[in-house]
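Just so it is clear, A, B, C, D and E label the chains in written order, and each chain counts residues from 1 on its own.
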Amino acid sequence: AAPAPAATEATEAPAAEATEAPAAEEAAAPAGDGITLGVISPNTGALAVYGAAVTTAVDLAVSEINAAGGILGQQVSVINTDDQFDPAETLNAFNSLVSQGVGLILGSVTSGCTSAITGAANEEGVVLLTPSATADSITTEDDYVFRACYADGFQGAIAAYYAKSAGYTDVGVVYCAADTYSKGLYDSFAAAAATYGLNIKAVESTASLDVQDYTNQFASMVSSGVQFVYAPYYYDVIGPYIVTQARAAGYTGIIMGADGYDGTPDYVVEGADLTAFNNVYWTNHYDPSDTDPAVQKFVAAYKAMFNSTPNAISALAYDAVYMYKAAIEKAGSADPAAVRDALADTSAVYSGVTGTFSLDATGTPTKGAAILSFASDGTTVTTKLVDVIKELK
Amino acid sequence: MIKSRTTQGYLLNTLVIAILLIGFSFIKESFGKAGDFKLIIAPSIWQCCYLIILAASLNLTLGFLGQLSLGHCGFMAIGAYSAALISLAAERGGVFTEKSGAAFILVLVGCILAAGVLAALVGLLVGIPALRLKGDYLAIITLGFGMIIVNIINNLPFAGQEGLAIGSASASLYKNGLGFGTALKVTYVWVAIAVTLICVAMMFMFVRSKYGRAIRAIRDDEIASSASGINTSFYKVFTFAYSAFFAGVAGALYACANATLSTASFAFSNGGILNSTFVVVMVVLGGMGSLTGSIVAAIIMFFVNYQIKNGLWVKLLPMWMQNIFAFPMLVYAVVLVIVIMFRPKGIFGTYELSLRNFFSDMKKQRQNRLAQKQESKEALNHE
Amino acid sequence: MSTFLQTLFVGLRLGSIYALVALGYTMVYGIIRLINFAHGDFIMVGGYTMIFTIPVMVSLGLPVWVSVFLAILVCALVGMSTELIAYRPVRKKGTSMTALITAIAVSLLLENLAQAIPQIGPNPKVASQIFTAGGIRIADVTLDWTTMLTIFISIVVMVALYQFTQKTKIGRAMRCVSEDKPASILMGINVNRTIVTTFAIGSGLAAIAALMYIAQYPKVYTTMGSMLGLKAFVSAVLGGIGIIPGAMLGGFVIGLVESFTTSYVSSSMADAFVFLILIVVLIIKPAGILGKNMGEKV
Amino acid sequence: MSEERKPILETRKLGITFGGLVAVSDFNIKIFKGELVGLIGPNGAGKTTVFNMLTGVYKPTEGSVLLDGHVLNGKKTHQFVAAGVARTFQNIRLFKQMTVLENVLAAFTKDIKYNMIDSLFRTPRFWKTEKELAAKALDLLSIFHLEDKADYIAANLPYGQQRKLEIARALATDMKLLLLDEPAAGMNPTETAELLDCINAIRNRFGIAILLIEHDMSLVMNICERIQVIDYGVTIAEGLPEEIAKNPKVIAAYLGQ
Amino acid sequence: MLEIKDIHVYYGAIHAIKGITITVNDGELVSLVGANGAGKTTILHTISGLLRATSGDILLDGKSLQKVPANSIINMGLAHVPEGRHIFSRMTVEENLRMGAYIINDTKRISDNMEKVFHHFPRLKERCRQLGGTLSGGEQQMLATGRALMTDPKILLMDEPSMGLSPILVNEIFTIIEQLHNSGITILLVEQNAKKALAVADRAYVLETGKISMSGSAKELAEDDRVRKAYLGA
């Protein structure tokens, strides 16, 4: 079906440009006295945590930039909008930003919501840079869409790669069937497992993210005898529920996850036996305890401003703002089309908190992933860096 | 006499709709290119349209048949997913290549109808327990059905979270399926309006016929209605299916208006206003047994929701109010409680707007208000 | 065998919690025939109260579970004010459906108010360990103390509630109010006060449920009540709503069904199966497992 | 001639038990066209239960109901109505939120021939039916002097008129047998006398059979041609009013001295 | 003992009671007669506080009831047997009677009163453990009356106690009413069965659409032509 979308695109593109030309000018007009960045994130609803992570980091980055004189000498201002973790609301937020003349948008956080506006961004000629939508397809179809994180395909593959290099051949998976993130990672893990010759012996899932009990799932892992379980969930499930329950169910092997595990140490049960967290591995965009000065500077500044340790989403959102800065400076203007061209340049190198990288032809960074693990002395849980994988072999 | 008065009514309704449409196309012409129509008004019309159909259709079961259904969005999900899948299949099968022309319109109409019919079939299934259960027990069953539908869709390999067949729902729906971009939403805004008008008319015709009379009788007293010769089982199941049909159609419109589908949007409750709980809220707010009320409530809910989140005037408010408005659900909750306190029977009660009787109704309304005032005085006395 | 035991224990663990929550639902429903949608959110209120008071207990050298008493107090207050401010005015004027909508609105209000409070916010909070870990090991599978305690407490609460409604004066007044309000007034019963008391007890129960919930599943978040409340409500209906032992039975049935479908049928379809079983049971027994189908006397 | 001899309603050994309680047993009755039969008995004797079995609201556990010679066992209530039985209820059951006219119109539902298509497109058939029925309904209402209350919401009618509306609604089902359950309950003697005239008028006009439950002996003894008495679900006497009034069993169980 | 002074009662916009004045003296049995919907029930509801008059006053033993909460009126010695019985159908006969004595804390007094009720209604004693909802109509009426007697009321309001009862039970109920009257209880009786009501009453009021149209001794009224025509079916 490849020619078909091309055809539609061809017919649509000129129309879009024709109608958009005045809108773009409108956007450019007030740009003389500032650059406006639109942010779309889930500020209320089930994923409000991520909304907060994004808005705080953007706040930090923008205030840093403005303090340093802005971009191209212009101050940056931000319009925050709420997508309520709902695709239709995301589109509303997007349209509202565009109608206010915003041409550069940062968002949204989740793949589901972001995919609701990628097509529209292209049609409207508005640059969309998502900090954290990892679904593979986000950047593949649309020219105006970029992201600051790597795709699920990469993250799932790293886990499979790690399992293989650690010597496991039989593995299991526990994932959430109702969550795009979890399901997407499972799919990419499964695909990579096939290439690495891993044998997925057991797959269990949960029907929603509200599930509290994972004992049966891990009991099934125990009975199938696997010693490596890929469990792509979020920190607030891993910390209080999964790890302790898995150990209580008698599972002693490795539990591996992805960037959703970021922040887990703050979500463990005080007073419980935390040795359960040994042997838990995960992949992440960055490691907050990384000694890299850029990372330390960011972590310190964020802590100073918001009194908490930034998570990976914050780091990505922070990097995304700086990506915009670099692109605008390269383009010499904040005109969306020019910024798009600057971002599309695969040779540009960005160095941020989440590593030094450049974007590939689709608009997804090629960057390494940190493999981290938790370590526990029984009363506290800490994170330690195991490895940084730049490239999959 | 009845006939001539009704003919009068039809003429009047048609006239007013025609005037509205002409006025609308005038607005469209004058603002159409300037962004706001395309970016704000047209998408809003689409959203209002499916919310209107959704709320009005639930009113058939809730307000007219008197059965609380807490899983109405499940039917909408069925409609949305089937319309999306059929359109994708049609595109892959080469029935249409671009979203214009007769072939596409045909597919579009086909998708909308199919969405309705499939939802109606499931509605039939849900209607069956309704024959044995009442009140809260039935509510739980419908809620259960809603959950099951969402759970099943989540687990379908071709319709799950990651979407339709290849890749994500997003891209494929937008590029190859029904999903209309901003420009197409303007082009096809007539589809949304026409479908809504037809649906609403169909519902009005339904409630103002023996069907409507029968189901209202069932609502008021089921035993008495069967003792009056009404086949209660038939009318109940039929109404469930009929109502589900429109929810399915609303789903198809949803699939047109959005580039992506996610089952979270059709759940029992979520962060937004499109969920089974809020549809019930719209119906009760508008008035159970008043289609006009459902329509108005749907529009109000949409408008309030949109304005609180995206309205520019919010920025002019004092900071503390802006801080509250950052939690839209909080605001609706308060608004809801207030509205219900002042209009416990909903905004419209069981009143239906009729253009023909508009002025005489206004007079009646005034009298009712007076009576009500007295009543509330009375209620205070009872305290 | 051990899978079976494990599954059974998980079912009991979930079930005991559903049962505790369901008791609160049934209690309120039994009196005013209102699905108190906000009940699940009272659990959230109880959860947060404990999150904030547990450190205080620790600093005072008291066992952490003592904070439940504060939670009971807070929940009862929230429950009573909900009744006074939101439900009572509507009950007088509207239909049962308007009351239901108010309940939904209150639920929304509580969830979002919590999120809007800076100290709570959208981030979940994790409680510290409340009861000692460990339990009885049978054939390599552990039935933990917390589960046993929860089952024990839910039985005690059920029996106590049942005796309370049957034997005490105020309990009997509650039953009267649920049957016939005007007649209750003629008996000299203060209907409003009885309803408020019901809310106080029902909401206080929510705090106990919250304690056992976070002892088992130590995460507290603003929307924690919605799914939990829904399942508990389903339990109450399954057992026969308004019937106190029914709520408990329903809770265990739902918990066990959920657990067994996860283990033996399909883990991702567990919710669908729970509701499917519910539908089947209700079609066979339209008034729930313990409900007597009185049928309408014509 | 043989037509005349065939009863409209016949029950054979009709009985029902609730749990362990035998509410009605071995109930046999025959009612012929144009007859007015009384069914009396102490409270809880099972009179209303008999009505419920005759209208399919309760399923008899034994015996059968025959209407015009057709066995109706196992049929649903609306099928009983379609076969020609209509009733009123001991506790008035109107469609409370509907208007008086609509209450009657709703009872025409089963005889309305137009279908979904007609109502969606408002075909001439639709209009014709609706118009005819409205006229017919008003005509029925006029028997009870309710025609000028046609637009009232049923719940707002005074009690006595509600009772009348219920009868009018029952008549709308176009029945052969009308079952009236305590139509005079809560009425004073004068109102009862008015009701008596009404019932007679209906009988003359429609030529139907009526089965009447009533505790008001002034009504029963005046109007009924035959009376059947049940106690504890068992028939203890049947016969002409004068006979019943003198029957010692009936006096002991029901009438008092 | 009970004085109703020019009360007006509304249901929303409906003016149901249009200025009614009624007096019931100590130990008297007063009957209220009127057509359907005349407002008899409304008056009783207003006396026992279930409804409130918009104007006028109701005095019990000289004390105004207008400001007393509905549930406290029973404490002043007034009991109401409501129309339609309103017994608690999911409670046993005994529990129903206990609920009648809800305001009494003295268990001795409760059991004494229960004995008294059983003395009036031996049938209730037989059915002690039966659920109220499963009683026959007549038994339910006895239960409702018995329940009202549990507080030794000084004045009893009875609303259509014979409604729906078989002739034998109607007689029985009226015998009981007479007994209660003879034992010194003041009774305000509302009845459709005007003939019987006038036969037992001392005095009576005739109510027509919210207004008193006639009043006087029961005997006189029973012989009055207009009353006979309108309410006695003669």
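By our rule, contacts are C-beta pairs under 8 Å (C-beta built on N, C-alpha and C of every residue); 3 or more make two chains touch, one makes a residue touch a chain.
Keep in mind that this is a model prediction, so the values were computed, not measured.
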Supply the minimal count of touching-chain steps required to go from subunit B to subunit D. 1
Listing by label each chain that touches subunit A and subunit B gives C
Relative to subunit D, the most remote chain by C-alpha centroid is chain A
Between subunit D and subunit C, distance of the C-alpha-averaged centres to the nearest whole Å: 47
When the centre of a chain is set as the mean of its C-alpha atoms, what distance in Å lies between subunit A and subunit D? 72
Whole-angstrom distance, CA centroid of subunit A to CA centroid of subunit C, is 37
Could you put a whole-Å number on the gap between the CA centroids of subunit A and subunit E? 75
Multi-chain contacts in subunit C: which residues touch at least two other chains? 112, 115, 226, 268-269, 271-272, 298
Each of the following residues of subunit D touches two or more other chains, namely 57, 89-90
Using the touch rule from the top, collect the residues of subunit C that touch subunit E in their complex. 169, 172-173, 175-176, 179-180, 182-191
For the subunit E and subunit C complex, residues of the former touching the latter: 48-50, 69-72, 74-75, 79-80, 82, 86-91, 95, 98-100, 102-103, 147-148, 151
Across the complex, what residues on subunit C touch subunit A? 2-3, 6-7, 9-10, 13-14, 112, 115, 121-124, 126-129, 133, 140, 142, 144, 216-219, 221, 223, 226-228, 259, 262-263, 267-272
Complex interface listing, subunit B residues touching subunit A: 33-36, 38-40, 43, 47, 91-92, 97-99, 151, 154-155, 160-162, 167-171, 174-176, 179, 181-183, 254, 257-265, 270-272, 274, 306, 309-310, 312, 326-329
In the complex, subunit D residues that touch subunit B: 55-57, 76-78, 81-82, 86-87, 89, 93-98, 102-103, 105-112, 114, 116, 119-122, 126-127, 130-131, 134, 169-170, 172-173
